[in-house]
Amino acid sequence: MSESPDHPQIAAPPSLTDLGEPLVRVEMRSQPRLLAGTRELVGAIAKRLGFSELEAGQIGLALDEALANVIRHGYKGRDDGLIMVSLWVSEGDGSTVGAGLHLCVEDQCPQVDPSKIRSRELSEVRPGGLGVHLIQEIMDASVFEKREQSGMRLRMSKFIPHNAGTMTGSVRHAG
Amino acid sequence: MQVDITSNDANTTVAPTGDVDLSVSRDLQSALKKVMDDKPERVIVDLSGVPYMDSSGVATLVEAMQISRKQATRLVLCGMQEKVRSIFEIARLDKVFTIVDDPATADSA
Amino acid sequence: MSESPDHPQIAAPPSLTDLGEPLVRVEMRSQPRLLAGTRELVGAIAKRLGFSELEAGQIGLALDEALANVIRHGYKGRDDGLIMVSLWVSEGDGSTVGAGLHLCVEDQCPQVDPSKIRSRELSEVRPGGLGVHLIQEIMDASVFEKREQSGMRLRMSKFIPHNAGTMTGSVRHAG
Amino acid sequence: MQVDITSNDANTTVAPTGDVDLSVSRDLQSALKKVMDDKPERVIVDLSGVPYMDSSGVATLVEAMQISRKQATRLVLCGMQEKVRSIFEIARLDKVFTIVDDPATADSA
């Protein structure tokens, strides 16, 4: 998958069984006008988790690319397809899963060979062919797979570096 | 959300940054209560860093106003962004609070 | 419901039958840290529909107030309750429903008498007691009701004044 | 998203405002194609009003670059916000495009 040496994908995303019930689930029609809402939902939650403004925006971008691919390649531009996005937050407290944000994108499209889902080589500059690469560079772990019944699934995770932040506020005194 | 507190002479400025909603309004509440405990002459709440506030945030400010009136502290809100101002207007609280535009003029309001 | 004369609630929100399948459905746990994500999703879609920045933010606020009430009054602060938010967009082209954004918030809480869901009088200034009032002032139509099986439902709509905007871009030439 | 197009002498500036994602990238694409049709000496894409861009937006810029090279139009990107710059960096396109910070210096880049 042409991973760059400085961004090795060390970990696999946790299994759906390990993750349990999602915190948030979004079911959306396969329409480009809905991309902004869904990526902003995930970006806002990422920020609350302690990811930086830039990282939260990038996580939103990774999701946007995944959804856009389902709309373009999976549903071929049909606007009444269903896309399911699930989101989990792991606190990393003693469980097998480190602290992080986990996303799962599922569709009801014809299944394809997951190994065919890959971007162009970065050196072969042409319009397009970047989405999967962006997903892989931004997220710490990602995997495309066939769903049990029908459709495709993308699972992806981004872990929180050290104790990056808190879910609540902080008070600073001066003067 | 983060809350910065600065004091000079008789004025204490409380400056929250970030969205103030149900998930963090309790932090603003305790910061305001703590500041009021010192009974300063004037408490200035600088809202210029708050792009969004819901009614739980408004409630903490109403509570602070009630405390301020009991102890003769002057409470001034300043720097409200348009979206935040609109909730005060809908709730008809824009005439109940002392609200000034510019943090620089809040010292004398 | 102490409606102000300058914001009469002329219309009722369209029925769920008239609305059909939602464009987006969000299922979230009853946690305050998820409010930002959900209101930003709806705000972003509202902006794309042609609502102004301020109006989109206010629609997000109305939803935030509705969700916060379910968390505080319905689930009494429990963080594992389920809240379902559905969103529809009506184009207002010949259908019975005018162009607008429609939201439905559903929970699985003990049912209460819908007529008891009301804010304090605005003149009786005290902390709290504003959420329902904000919802009613911001939205053009809103109704609380008992769900068929269990739990409560809030339906609310905001209509688009004249041809406020487009769902796509626009190009302006000068010079 | 809105696209503003202004021309002076040999330069044409294309300034989109708003998020550029799959729902609007086609509008940016046709604006760029139209501008390229006039074969100006220099096309400046001012991205200072673009807080967010996805790969469909990047694709329209790569396409414009390919057209520009065929007809000896100079294509310059300017005013990129940090979030937008990061996608160019991840895609290793930050060295392929001519990118300047300041719209004022794009005229001579």
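Letters A, B, C and D name the chains as they come in the text, with residue numbers starting at 1 for each one.
Methods note: a residue touches a chain if its C-beta (ideal position, glycine included) is under 8 Å from a C-beta of that chain, and two chains touch if they have at least 3 such contacts.
These numbers come from a predicted model, not from an experiment.
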Seminar exercise, completed: Joint neighbours (chain C and chain D) are A
For this session: Please identify which chain has its centre, taken as the mean of its CA atoms, farthest from the centre of chain A.
Result: B
Seminar exercise, completed: Taking each chain's mean CA coordinate, chain B and chain D are separated, in whole Å, by 43
Exercise. Where the centres are mean C-alpha positions, what is the separation of chain B from chain C, in Å?
Worked result: 27
Exercise. CA centre of chain A versus CA centre of chain B: separation in Å?
Worked result: 38
Problem set entry | Set of chain A residues in contact with two or more other chains | 31, 33, 36, 48, 167
Seminar exercise, completed: Touching two or more other chains in chain D are residues 23
Exercise. Connecting every touching chain pair, does the picture come out as line, ring, star, complete or other?
Worked result: other
Seminar exercise, completed: The chain pairs that touch are A-B, A-C, A-D, B-C, C-D
Exercise. Within the complex, which stretch of chain B touches chain C?
Worked result: 19, 21-23, 52, 54-56, 58-60, 62-63, 66, 82-83, 86-87, 90-93, 96
Exercise. Which part of chain A faces chain C closely enough to touch in the complex?
Worked result: 23-29, 31, 33-34, 36-38, 40-45, 47-48, 167
Exercise. Chain C touches which residues of chain D in the complex?
Worked result: 1-8, 16, 18, 23-24, 27-28, 30-31
Exercise. In the complex formed with chain B, which residues of chain A make contact?
Worked result: 48, 167-175
Exercise. Within the complex, which stretch of chain C touches chain B?
Worked result: 31-33, 35-36, 54, 57-58, 60-61, 64-65, 68, 71-72, 122-123, 125-128, 130-131, 133-134, 137-138
